[in-house]
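Two complexes follow with chain A in common, the first pairing it with chain B and the second with chain C.
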Partner chain A sequence: MEKSLFILLLAFILRLWLFNLPAIANTLATRVEVVTPITSFKRLTEGLYLYQHSVPPYDGGIFHQPPFLLVLFNAISTLPSSVIPIVYAAVDTYIGYLLTIITYDKQRIYEKFPTLQVEKGKKDIDPWTVAALYLFNPLTIASCVSKSTILFTNLSIVLSLAYALKGKTIHSMLWIALASYLSCYPAMLMPPMVLITYNWAPHQLSLGKQVQVSAMYFVSSLAMLLIASYILTGSWDYLYSTYGTILCLTDLTPNIGMFWYFFIEMFDQFRNFFLVVFQLHAFIFAAPLCIRFREHPIFVVIVLSGIMSIFKSYPSIGDAALYLGLLPVHGEIFKYTRYGFLIANLFLYSATLAPIFWHLWIYAGSGNANFFYAITLVYNLGQVLLLIDVVYAMLRRSFDIANPQALGKEVIQR
Partner chain B sequence: MRYTRISASFIVLCTYILTTESKLSGRQDSFEEELLISPLDDGKLLTHFQFTTLVELDSSKEKQGKLSHYGLFPKAIGQVINHHNVQELHLTFTQGRWQYEEWGYPVAQSAGTGVELWAWMRADANIETNWRSLTNTLSGLFCASLNFIDDTLTSRPELSFRPEGSNNSYYHNRHMNEGVELRYGHLPHENVCTENLTPWLKLLPCKSKAGIAALLNAHKLYDTNYHSMAIHILPVCQDDACTVQKLKLVQTVTSVLDPVRDTGRRDWSLTSLFDRDIPSYCPVSERSSVMVRLPAQKESFQLSPNYEVITGKKQHNQKNMAYYDLKKATEPLNLQMTWDEESFLYPAEPLKPGIVAHKYLTGYGHERGGVTVNIFNQLNDSQEIDYFDSVPWYLKLYLHTLKVSVLGHESISQKDIVKDMYYQPAIDRSRPQVLEMKLLLPPNSVTAVSIEFDKVFLKYTEHRPDANRGFDVGPAIISAVVPEHINDMAANEFNAISKHTDMEALSQIKVYTEILLASLPTPDFSMPYNVITLTCTVIALFFGSLFKLLIQKFEVVEDEGQDQQPEKTT
Partner chain C sequence: MATDGSIIEKESDVSCLNPYMTETRKRLVIASFWVVVLLGLPLWWKTTAVYRAQLPFAQIDSWVDRKACQLTFPSTFVVHLASIADADPKAHNHPLDYPTIENAIAASVDQQIYQANTQQCVEFPLNIEIKEWRITSDIIDLLKHTSEQREKSTIGRYDIFLAPQLPAPTSTKRAHVKLGNDRSMIITLREWTTSDIEESTAAAIATLLQEERERVQSIACDNELRERSNLDGLRTMKFSPMYQMTFSLMNEDPSGLQVDWDIEDAVNTYLRPFMSEVSVISNFSVDSQIQHFAQLAVTPQYMERQKLPSYYYLTPETLPHFINSAEWNLASAISTYPTINFILYIPAQNKSPLRIHNSKGQPVRSNAFLIPRWGGIVIKNQPKALTASGALAFGKEDLKPFMEIFVAQLRTLIGIHDLKKIMSPLETSHEISYESAPQTAVTVTELDAVIKQRIAENIVNSIATLKSLAQLVMDIPNMVVLDHIRTEVEISLDSLEQACQALQQQDYMKALTHSISAIERSEKAFFDPTMVSMLYFPDEHKYAIYMPLFVPVSVPMIMAVVKEFKEARRRRKEAKSKTD
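So, the complex of A and B:
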C-alpha cells in the first residue's frame, strides 16, 4: 500500500513540478510530436476565447475540438489558473491508478486460464509496476505536461476498459461513447469492450443479447452527447469542424503520423481515394482481431489502441503512451517477442532525431521536409514491428499452451 | 401650301428629335481634367492627374440607379456596373509605397501596394456570383490578375469603410447605405505596368490624344518612386434630399517622380518629366486646368510661363497655387520650374504627418510568428481611428494573443484603447481572417497592435511556382477622421480649389502600412511518388504481416530431415 501511494504521489508531484518549469511546459505545448491541431491546448484556449467573446468558435479553421471540452474548460477557467495543471496531473495519475485495477481484474480472470508449465507458481506482473511503467514513461509525461487534450480520450478509454472488466455494461459503453465523441477513432474499441462484458460479466447474457444491449447504450450515449453539444453551441457546425477535420484531413500540420506528408504530396485527383483507403484501413482491423482473439478481448483493446496510434489521421505520442501503458497488462507474452532490441532502437532513434530534423527543416533551413518525414516513417515502422511482434507472441503462447507436446520442437506458420 | 405645312411640321419634328437626341446622347454629361504638380519636401515631385466624368442616372423606378445612355461616360464601365448591380466601385493599381513620413498624405486615399478593389454592391441573392463575375470582368478589362481575388481574399469590413459617394452619403444621407453590401479584396503581389494603363486610357473621352492625358507616357510614368492608377465610380447627390443622382467616374494617376536623382537639382519641366508637353485641352472637357503648388515664400524659384495665383480659402491653408487654364491657352503648354540653389539639400527633419503606421513580422522559423503594427499618433490630441487588417487563411491568427498597448505607458489598459472590435475567423481555403478595431490613440503616442499566428502547411499544389519566395500579405489600413489642418499636405489644397470636393470627406484619411512577405514551410516538390511508395510500404508491411498472423495457424514440424523442411516458409 505504501508503495502504491508513493508511486502515485511521485508521479503527481513530478508532473506539477514540470508544469512549473515554463521552459519545459511551453516548449512541449508547441511541439508537433506532442500536440496536434485537434489536441492542442493553445487552440483550445483560442476556441474558448472566441466562445467567451461570442464569436462562434466552430465558424473558422482554427478550433477542432468537441464542445464538451469547451464547456469543461469554460468551467475550469473560472477557477484560478493553477487548477489546470492540477487537473491534468490528477487525470494522468488517475489513469495510472486505473491501470492497476485493470491489471488486478485481468489477473483475477486469467487465474482460471491454462498457463504454460514454466509460468506455474510464478507471480504475474505486479499491478503497481504496470502503473509505474505508464506514469514514468517519458511519452506519457511529455504528453501530459503539454496539456494535450488526448489525455481525456485516454482517460475515457481506460475507464471504459475498467468498467467493462467489472461487468458494468452501461458505464463501459458510456465512457467508450465519450471517447468516440472526443476523438472519433475509439469507436472501434466498442466491439472488444462488448466481448469483455460478454466473456466475463457475472450475469451472463447470450452474445446477441449482449451486443444488442451494448449497442443501444453506446448509440444512445453518443446521440445524447452530440445533441447536448448541439444545444450548447447552437448549431451543427461543430460536426464538420471536429470530425470533418479528423476524417477529411483539412489541416496538414505535421505530426508523427503518416497522413500529413502523404496528403501534402498527393495528387489532387487521387486525394479522396487515398483518404478513404487510409481511413478505412484504420478501422478494418477491429472485426478480424475480435474474432481471432475472442478469448483475449483486453489484448484486442491494446492492439487496436496501437493501430489507432499509428494509423489515425492526427496521432501524437499521447496515443502511443496509452497502448504502451496497456501492454504490460498482458506481460506474460513478452517472453515470446522477437524484435525487442530492434524496436527499442527504432524508438530511441526517432526520439533523438525527430526534434533535430524538425529544427533543420523549419528553423535552420538546412534540411527539408523529407528529413522529418523520414523520421516519422522510422517511428511508425517501430510501432508496426512492435504490434506485429506482440500479436505473434500472443498467438505463439496460445499455441504452446494448447500444444504442450510441441515444446522444444520447431513450429512454423502456414 | 399643303407641301409647306408638311415640311414645316417635318422641321419641327426633326428639331424635337434632335433636341431629345442630344439630351439622351449625354449632353448632360460633363468631363473635367485636372493636373496637380506639387514639389514634396524631400525633393521629389508629385503629379496627380484627375479626370472626372459625370452622368445623370435614370431616376425612373424600375431602372433606379442604372445607366441607359452613354455619351462621355465609357460604356465598358457602365455596362459592368449595371450588370453586376454595383453601386460604388473603387479600383486602384499601385506600384511602390507611399512614404507618409516624407510626403504627407496622398491626394487619392487608396495607396496600398498592389491592386485594391472594393465595391458596394446591392445585396440580393446573387451578390456572391456578382462579385466573382465582377472581379473576372475587371480582370479582363484591365489586363490584371483581379480574378485571383476569390473567396480566400475577399473580406467584408464592418467598421472601416464607408460609401464615399454623394458627398459622403454615409454622414449626410444614411439611407444610401441600406441594401448594399461591401466587398473588399486586395492583391498585394500584382505588378502594375503599361498593359494596365492602356485600357485605362481608353476610358477617357480624348484617350491620350489631347488634354493633359497626353502627358501619360508609359516609359516615363513607370520610372518613378511611386505610381498609382485608380478608377472610382460613385453616385453623387445633386440636392440635399438626393432626388437627383449623378454617377461620377473619377480616374486618377498619381506619380512621385524624382528630379533630384538625375541632376542633383529639383528643376523640372514637363518635357523632362514626361518627354512631352500638353498640346491642347481635351475638346469635350468643361474644365481643363493645371495647378502647381508653390513652395513657401522663403524659397526662391522661377516658374514659367506666367501663371495666375490662387490662395487657399481655408484659414490655415495659406499656401499658394499657380493656376493654368488650358482652355485659354493658345499654344502647347510646357511648364518649367527652376530653383535658385546649387544642389538640393535633403531636409534633416522628417514630416510629422499626424498618424502613420508601420507593420512588420515578428518571430523566426517556418512554424509560427507574429504580426505587429505600430501606430504613431503625432497629434497633441487623442485620436479615434479604425484599424482594418485582413490576413489570409494560411496565417492562422490566435485572437487570444492579441495585445494592444501604448509603448512606454504600460499602465494604460487595453480596454481604454480598444473601443470596439470585429473579428471574423478564417476558414481554410475559403475565407480570410478580418480584424477590425476602433482604437482611441492617446496624444503623442505609439500604439502597438500585436498578434501571433501559426503558419499553415499547404498542399504542394497550393504553393506558387516560386514557393520559396513566400506569400504576400496585404497591408493594414488605418482610417481616421482628423482635423482638417492635419491633412493639408496635398489633398486639401487640391480639393479646396477643385470644384468637386465631394469625392472624399476633406478630413478623412487612410493610412496603408507596408505589405509583408511571409515565408511558409515548403515540402519537397519532387517527392510525390517517393512519398506514396514509402508510406504505402509501411502500411502494406503492417497489413500483410497482421493478415498472415491472423489467418494462418501454427504447426509443429514433426520430423526434421523429411520433405516438409525444405518447404518451410516464414
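So, the complex of A and C:
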C-alpha cells in the first residue's frame, strides 16, 4: 500500500513539477513527435476561444477535435488556470492506477489457465510494477506534459478494458464508444472488448447474443455522443472537421506516422485510392487477431493498440505510450521475446535523431523532409518488430504449454 | 514428424499440437483478410475512376470549321444628299435618282476594296441609304447643322453629308472632305454632278473601310495571313479586359539629382479622359514608382561636334537592350493582368545629354521610343541650369509633353490607328480637314475600328483556345474533366454564338461584350489547374504506381489461399481412401 501510494504520488508530483518548467512544457507542446493536429492543446485553446466567442470553431480548418473536449475545457477554463496541469497529471496517474486493476484482474483470470512448468510457483509481475512502467515511461510523461488530448482517448480505452474485465458490458462499451468518438481508430478495439466480457464475465451469454448486446450498446452510445455533440455545436460541421481530417488527411503537418510524406508525394489522381488502402490497412488486422487470439483478448487489445500507433493517420508518442504501458500486463510472454536489444536501440536511435533531423530540416535548412521521414520509418520499424516479437512470443508460449515435449526445440511449419 | 528429436514439425492437423489453432480458425483468419480486400475492390473502382464531363466537341468543331456562324462585319452609310431650295438652279433641272446612286456607290466601293481580298471567311455587307437633306444657302456652319439631322449613330453606322460648295470654290481639288468626330463626314463638291457624287462618296467610304477590313480579315482568316500582317499587329498588346499601367521615373544617378513628379495629377488630367473613352474595350489600373540608381544596360556612344555641344546617343540597334530587366524592378506582382510600362528616364550627369538616333543617324526630336507589346520610354536630360539643391521636380505642366508622348504610345499599344493616316490615300484627289479631336485623344471613328478589330481577335482567339482544349482532352484519355470546365466551355460557346449574332445585327457593343466573355471563359477553362497534361499519365505508368505496394502484399495472401486449397483436396482424398 505504501509502495502504491509512493508510486502514484511520485508520478503525480513529477508531472506537476514538469508542468511548472515552461521550457519543457512549452517545447513539448509544439513538438511534432508529441502533438498532432488532432491532439494539439494549442489548437484546442484556439477552438475554445472561438467557441466561447460564439464563432463556429470548426469553420476555420484549425480545430479538429470533437466537441466534448470543447465542453470539458470550457468547464475547466472557468477554474483557475493551474487546474489544467492538475487535471492532466491526475488523469495520467489514474490511468496508471487502472493498469494495476487490469493486471490484478488479468492475473486472477489467468490463474486457472495452464502454465509452463518453469512458471509454477513463481509470482507473476507485480501490478504496481506495471503502473510504474507506465507512469515513468518517458513517452508517457512527455505526452502528458505536452497536454496532448490523446490522453483522454487513452483513458477511455483503459477504462473500457478495466470494465470489460469486471464483466460490465455497458460501461465497457460506453467507454470504448467514447474512445472511438474521440479519435475514431479505437473502434477496432470493440471486438476484443466483447471477447473479454464473453470469455470471462460471470454471466455467460452465447457469443452471438453477447455480440448483439454489445454492438447495440456500442452503437447507441456512439450515436448518443454524436447527437449530443450536434446539440452542443448546433451543426454537423464537426463531423467533417474531426473525422474527415482523420480519415481524409486534410492536414499534412508532419508527424511520426507513415501518412504525411506519402500523401505529400502522392499524385492527386491516386490520393483517394491510397487513402482508402491505408485506412483499410489499419483496420484489416482487427478480425484476424480476434479470431487467432480468441482466448487472449487482452493481448488482442494490446496488439491492436500497437497497430493503431503505427498505422493511424496522425500517430504520436502518446499512442505508443498506451500499448507500451499495457504490454507488461502480459508480462509472462517476455521470456520468449528475441529482439529486445534491437528494438530498444531502434527506439533510442529514433528518439535521438528525430529532433536533430527535424531541426536540420526546418530550422537549419541543411536537411530536407527525407531526413525526418527516414527517422519516422526507423521508429515504426522498431514498433513493428516489437509487435512481431510479442505475437511470436505469445504463439510460442501457447504452443509450448500445449506441447511440453517441444520445449526448447525449434518448431517449423510444414 | 520429428526427425531427430530436435525439430518438431507441425502436423497438418495442428489441433492435436496446438489447441488454439483449429483448421476452421485458420480459414477464418485467411478469409477475414480477403473479405477486407474484396471490400476494397469496389472502392478501388470508385476512387480511381476518371471523371470526364462530356465536352461539346461537335460544337467546337463547327466553330473551328467556321460552319457555326458566318462572321460578318456590316456597315451602314447614310448618305444625305443636299437639296438646295434656293441656290443652284442647275440641281433642280436634273433631279437625282437615289436608287441608282445607291447601287453605283455600293458597286464602286466593292470594286475598290474587294479586289484585294478574295477569301470569304468574313463578310462585309455594305448598306447604303440615301436621304434627302434640305438645306438653305444661308447655312454657314454645315457641321453644326448636320448633327441635328441625324439619328443617334452607333458603331458601323456612318453619316455622309454631301453638298455643293456654296461659297466660291477655293481649292483646285474636286471635293473637300471634312471628317467629324462623331462618325460623320461632310463632303462638299465643286461640281454637283451625279458622277462626282458617286465617285467622291465611294472613294471616301472605300478609304475609310479599306484598312479596317484588311485588318479584320487578316485576323479572322487563316494564320499565314496574320503572320505576314503589318507591324501594327506586332506592336499591339495581347487583348486583356484589364491592363496594369505602370509609370516609372528612373533616375540613373541620385547623388547629383533628386527627382520627384506629380504623376497622379498628370495622369488624371492628361490620361484619364482617354482611358474612360477606351474603357468599353479594356480598363486600366495605374500605378507609379520612382527608382533611383537605375543603371543602363547599354553604353551610349559619344558624338563629338566641333561647334555645337557634344552629346551621347543610342542607336536603334541598342534600344532593344535599353531595359535593364535584371536590375529594374518592373515586374509587378500586384495583378496577373498584362502590364504596360511607361518610363521617364533621366540619365546621369556624365552621360548627358543622351539622345536617340534614328536609323539614318539623325537625333530623334522626341527622344522617345516604343517597345512593342511592352510600353514606352522617354529620355529626359537634366536641364543645364539646375537649382542649387540639385532637385528636379516635375509638376503637372512640366509633365505635359511627356504625357502626350505616352498617350501616343498607348494608342499604338492598344491598337488605335491614326485616322489621318487611314484617310491619307484620299488626299490625292480630295482636300481633307478634320474636326479637332476632343480632349480624349481618340476619335469615335478610331475607337470603332479598334472595337471591330478586338471583336474579331477575341472570337478567333477563343475559337483557337477551345480547339486546343478539345485537342488536349481528346489526346489524354486519363485526364479528369470536371463539371466546371464543361460549364466554362459551354458559356464560352454560347457567348461566341451571341457575339456572332450581334455582329450580324450590326450591334457591335453587344458583340464586344460577348466576345470578351467568350475569350475570358475559354481561357479560364484552358488554364484551369486541373487541365495540366503533366498530371496525367498513360495506363502502363499506373502499374508502376500499384506494383511496389500490392505485389509484395498479395504474394503471401495468395499463397495462403493456394495452400489451403491443396490442404483441403488432400484431406478429401484421405477421407475417401479411408471410406474405401
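For this structure, a couple of remarks:
Simple rule for what comes next: the second predicted complex is superposed on the first by the 411 of 414 C-alpha atoms of A that agree within 3 Å, B and C clash if a C-alpha of one lies under 4 Å from a C-alpha of the other, contacts with A are read in each partner's own complex, and residues count from 1 in each chain.
Keep in mind that, in the parts below, a contact is a pair of C-beta atoms (placed from the backbone, for glycine too) under 8 Å apart; a residue touches a chain by one contact, two chains touch by 3 or more.
Predicted, not measured: the structure shown is a model, and the values here were computed from it.
Aligning the two structures on chain A places chain B and chain C in a clash.
Contacts of A:Leu252 after superposition: chain B is touched, whereas chain C is not reached.
Touch criterion met: A:Tyr363 reaches chain B, while chain C stays clear of it.
After overlaying the two complexes on the shared chain, residue contacts for A:Arg396 are found with chain B alone; chain C is out of touch.
Judged by the touch definition given at the top, the superposed model places A:Tyr339 against neither chain B nor chain C. When the two complexes are overlaid on their common chain A, residue A:Lys42 makes contact with chain B while staying clear of chain C.
Contacts of A:Tyr110 after superposition: neither chain B nor chain C is touched.
When the two complexes are overlaid on their common chain A, residue A:Tyr349 makes contact with neither chain B nor chain C. Between chain B and chain C, more residues of chain A are touched by B. Judged by the touch definition given at the top, the superposed model places A:Leu50 against chain B, while chain C stays out of reach.
Once the two complexes are overlaid on the shared chain, A:Phe262 sits against chain B while remaining clear of chain C. It is stretch 187-195 of chain B, out of 61-69, 151-159, 169-177 or 187-195, that runs into chain C when the two complexes are superposed. Residues 267-268, 288, 292, 399, 403, 405-406, 409-414 of chain A touch chain B in one complex and chain C in the other.
Remark: chain A residues 267-270, 272-273, 275-277, 280, 283-284, 287-288, 291-295, 398-399, 402-403, 405-406, 409-414 touch chain C in the complex. Residues of chain A that touch chain B in their complex: 30, 32, 42, 45-46, 48-50, 53, 55, 57, 59-62, 250-254, 258, 260-268, 278, 281, 285, 288-289, 292, 310-311, 361-363, 368-370, 373, 377, 380-381, 384, 387-388, 391-392, 395-396, 399, 403, 405-406, 409-414.
Within the complex formed with chain A, the residues of chain C that make contact are 5-12, 17-21, 25, 28-29, 32-33, 35-36, 39-40, 43-44, 47-48, 50, 478, 480, 535-536, 545, 549.
Contacts from chain B toward chain A in the complex involve residues 364-368, 393, 396-400, 423-429, 454, 456-461, 521-524, 527-528, 531-532, 534-535, 538-539, 541-543, 545-546, 548-550, 552-558, 560, 568-570.
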